[in-house]
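Here the chain labels run A, B, C and D in written order, and each chain numbers its own residues starting at 1.
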């Protein structure tokens, strides 16, 4: 029964179901909802009239757990949110706590962190491209993308022992020194990667059917993108030139030059082009960073027991999915008083209803794909 | 604080107000520890001073710059306090005026992007909840944090009309804290099932408790670890 | 009693040979369908930087047998609320129509079940009845997804049959007869395959045949990502295998129609130019090459049993090579004995069969190639392509070929020149039509209404 | 002798499925039986060596019209409508019409009984020569005008259908 304190919403006219309007329930077990997302589609024939996302199937209460763990103990939980881009989650959390402490990672740690985060961005975009193309019916790109992603995961495994939920960083810097041959592996991956992205483009970009399935689908204007708080490739696809790595540089991004790709009319095709271009830019960053990794310590002197002075901080980084923000409140004890994580996937998903109206069922799948959501991050 | 300095703070940390070198031990303003904490969360109450083993970071300091002046001139006493903590501006505003302040921030101060809306539960305080809005201005590349102190019974005016992204964020705050947002188009739980009893992120909601009735009825298992 | 038996035997005499052919085809077809599935999985795998089935038999060669056994043993669920009679009938209908269409197809000069003088019309007519199986199957399983899938596939088949039919008419104008055997003989007499005479017709038929057999990039009915498995969702076990068998038989039927009509049936490329007579030895050489290759691979197999199977496969290929070589060398080896003469007389039949199967193989390979490179068309784009582009172009193609023939026969233009001009006319009109199609889409902002006009850049 | 057996088979099948068409409650079942009836008549055409008619019957009736029948049945979901209204009251109108039609056919057969072939005479021995060409030639020479009129009529009908469909969506 509804919460008594909430007045029944007056303006919601109880819509008598139109004669031919049907509710199609997509998910939570559906091959292309990228996780346990349930979408209630109101259909008129095959055209989507309205939609409602039901989420929470993967809610693990990460923020509640944070209040019962010390700062260092909570770090591995962060990887389990956006499990496709665990490294950048870790970077965001570690930098937020470092800000809380008023400490800072040494230059060498910051450069290695940048390299690993950019590699993770490429891996996340590769995974997105493979599954997105698969949903629209192109079977082959998936295997090319996973082949490249495998190389990156090998580098992660060699560096910190894990491939997916890596827990690669520690508050204050890095746990492990880079293994010898780290630079060689990164260069070995990045050198041919540009040609690889050309292969994907050859398969898809000039493909008539791919254009027919992505141009003009799921249009999100720049004004709406900002109003709906979209971030990352979703907002850049609509033409807003905003990237936290440039606006508020963190780690070692201020030392490297790279462009921010943007689309024109904010449809699925523009977001696809933006993400492809971002992969190329990440490769450029990695190559520049690997060229000169400064020597020096990899861990700041912040001691074993972290007791940040009371207060709060909001630190946001540019995760592959968008702006990943950490709002941490400290009460001076060793355990954070409150950790709030701004999930880019959840907030990008809000624009889903506006983007999907007027399209057909087949487009719903393309639109879910273009938002690049991961349900671990949406439900936390 | 190398990377922070590039982070353009409102009025780039007013000259002279630069927090002195963090050498001296931070005054122990631990709000939570204080018995009957005064309104200001950071009032220095003599709690056990944290061991200065960790380098004591910057402590919250009152903030006064053109931005706060413009807000104060427009809303006068509705702006209760202005702080800067770790180089980030915080405005504590009155609950009633939140809608107007939000619209003012969007229209005149061009904070066109609501990065995040959340809440913090300080059970020992009389106005128990902090509703926190993290704003960001694309044009000025600045962040601003609005805070509202609320008791569980009071309803917070919804800012969904100002920034559409607040819709789900407010639903999640209601779901986790039980704070009512009046004027919200469709306020119901976002993550937990609709019939769930209790608000998990409240401090008094222990980590092991579950809505055993709901679990037994829907999942058919005798819950509890 | 003996008299009655005698007369009935006499009555059945003319049906004996076709009966044997029919039994061989119906027996061999599931095996062929199984190996086409294996070929598809292997080709798909190699296109996607992976190996495909490698475990059952060497290089997965015994995989189809494993699949068949699996499908036989799988539980055959009939949904409780399904309409039992129609649920049982639907897959049966698709398989029978698919196999019935094989009746008129000339696999070789001698090897044809029935040379109907309405051969082509018969094949097209029977395969158009395949829609019932799909539509009734979707309706009978009484689930929302299956009904949507069934409706979509029915609409798709109807619209692409028209386009395919008109494309066939394009080639028929040259052949002048409906009997498939005569069509191939006509291509032999004219000395030109109809693909060169009516190229536009061939490509339209290629596209239409892909859509007609519900294969990607037109496989909307069982688009995995939205409708789960379209009309086949509720089927399982052997019933589902029937649908699968019907789909691959349809692929073979469509491939053989295209081969007979456009690629010169059982004809060897350039049958008359004696300079290329070595092509007669090509089949045997190919088989020999395959035998040597599998022998070379045999020791490399990890498991002993796979080594044996590989040697067996090599033996089979060697046997084929000998059979295909026999007619050529019979006269030299055994002199002018009756056996040698008989064996030599088999030459056209054997070689014809080989070339026909090779062309079908290449056509099906083209199907697979398209399937793994193209994403899927959305349903309304698919329908719009069918109605607003393919059908008009196929009609224009028929008219153009008619004009070409008139130019040649009445005004005495050289045949080559007439045909080239008419093909150019068709291509020009096709380009114009495609252009207007895009311009119209460009202007519409929103994606269209129910059977909307999604973008077709 | 084989022809005789086949003929009886096809004729029996046609009559049986025709009866089933009208007696089935389930719409789809009656549609299926209608298809079997049409196929049976096509079989009889084939027996008379009229292949063109055989294949046209299949393409036209079974492949074309019946597909649209089933399409409509599925779209309109007749089953629901079937249970609601029963025309119980007008059965006697049906009966009268049936009797009138029956009398008419019996009279026709009785009058023409002389020209009908005897019970055991074989079907025409000389098979028709390939009648596709015959039908084709006749259509485009002797009956050119009616052919053109028919095609124009069809065109008008198609355009009418498109216009009606356009206005509804």
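The rule is short, and it goes like this: contacts are C-beta pairs under 8 Å (C-beta built on N, C-alpha and C of every residue); 3 or more make two chains touch, one makes a residue touch a chain.
Given the structure is predicted, the values throughout are model-derived calculations rather than measurements.
Centroid to centroid, with C-alpha atoms defining each point, chain B and chain C lie 67 Å apart. Chain centres here are Cα means. That of chain B falls 78 Å from that of chain D. One inter-chain figure worth recording: chain A and chain C are separated by 46 Å, centre to centre, where each centre is the mean of the chain's CA atoms.
Centroids of chain A and chain D (each the mean of its C-alpha atoms) stand 63 Å apart. Shown for chain D are the residues that touch two or more other chains, of which there are none.
Touching of two or more other chains is recorded for no residue of chain B. For chain A, no residue reaches two or more other chains under the stated contact definition. If you draw each protein chain as a dot and join the dots that touch, you get a simple line with two loose ends.
Shown are all chain pairs that touch, namely A-B, A-C, C-D. Every residue of chain A that touches chain B in the complex is listed here, in rising order: 1-2, 5-6, 9, 11-12, 55-56, 59, 61, 63-65, 67-68, 99-104, 224, 226-229, 240, 242, 247-251, 254, 302-303, 305-314, 316, 323, 325, 327, 329, 331-332, 337-338, 340, 342, 346-347, 350, 379-380.
By the touch criterion given at the top, residues 1-4, 6-8, 22, 26, 28-33, 42, 47, 50-51, 53-60, 85-86, 88, 90, 112-116, 118, 120-121, 132, 134, 138, 141, 143, 145, 155, 163-165, 167-169, 176, 180, 185-193, 195, 200-201, 203, 207 of chain B touch chain A in their complex. Taken in their complex, chain C has these residues touching chain D: 7-8, 11-12, 83, 85-86, 89, 116-118, 121-122, 124-126, 128-129, 131-132, 135-136, 138-140, 147, 150-151, 154, 158, 178, 449-451. Every residue of chain A that touches chain C in the complex is listed here, in rising order: 22, 24, 31-32, 44-47, 133-140, 142-144, 147, 203-204, 207-213, 215-217, 358-365. Across the interface of their complex, chain C is touched by residues 1-2, 26, 28-29, 32, 35, 51-52, 54-55, 58-59, 62-63, 66-67, 70-71, 74-75, 130, 132, 169 of chain D.
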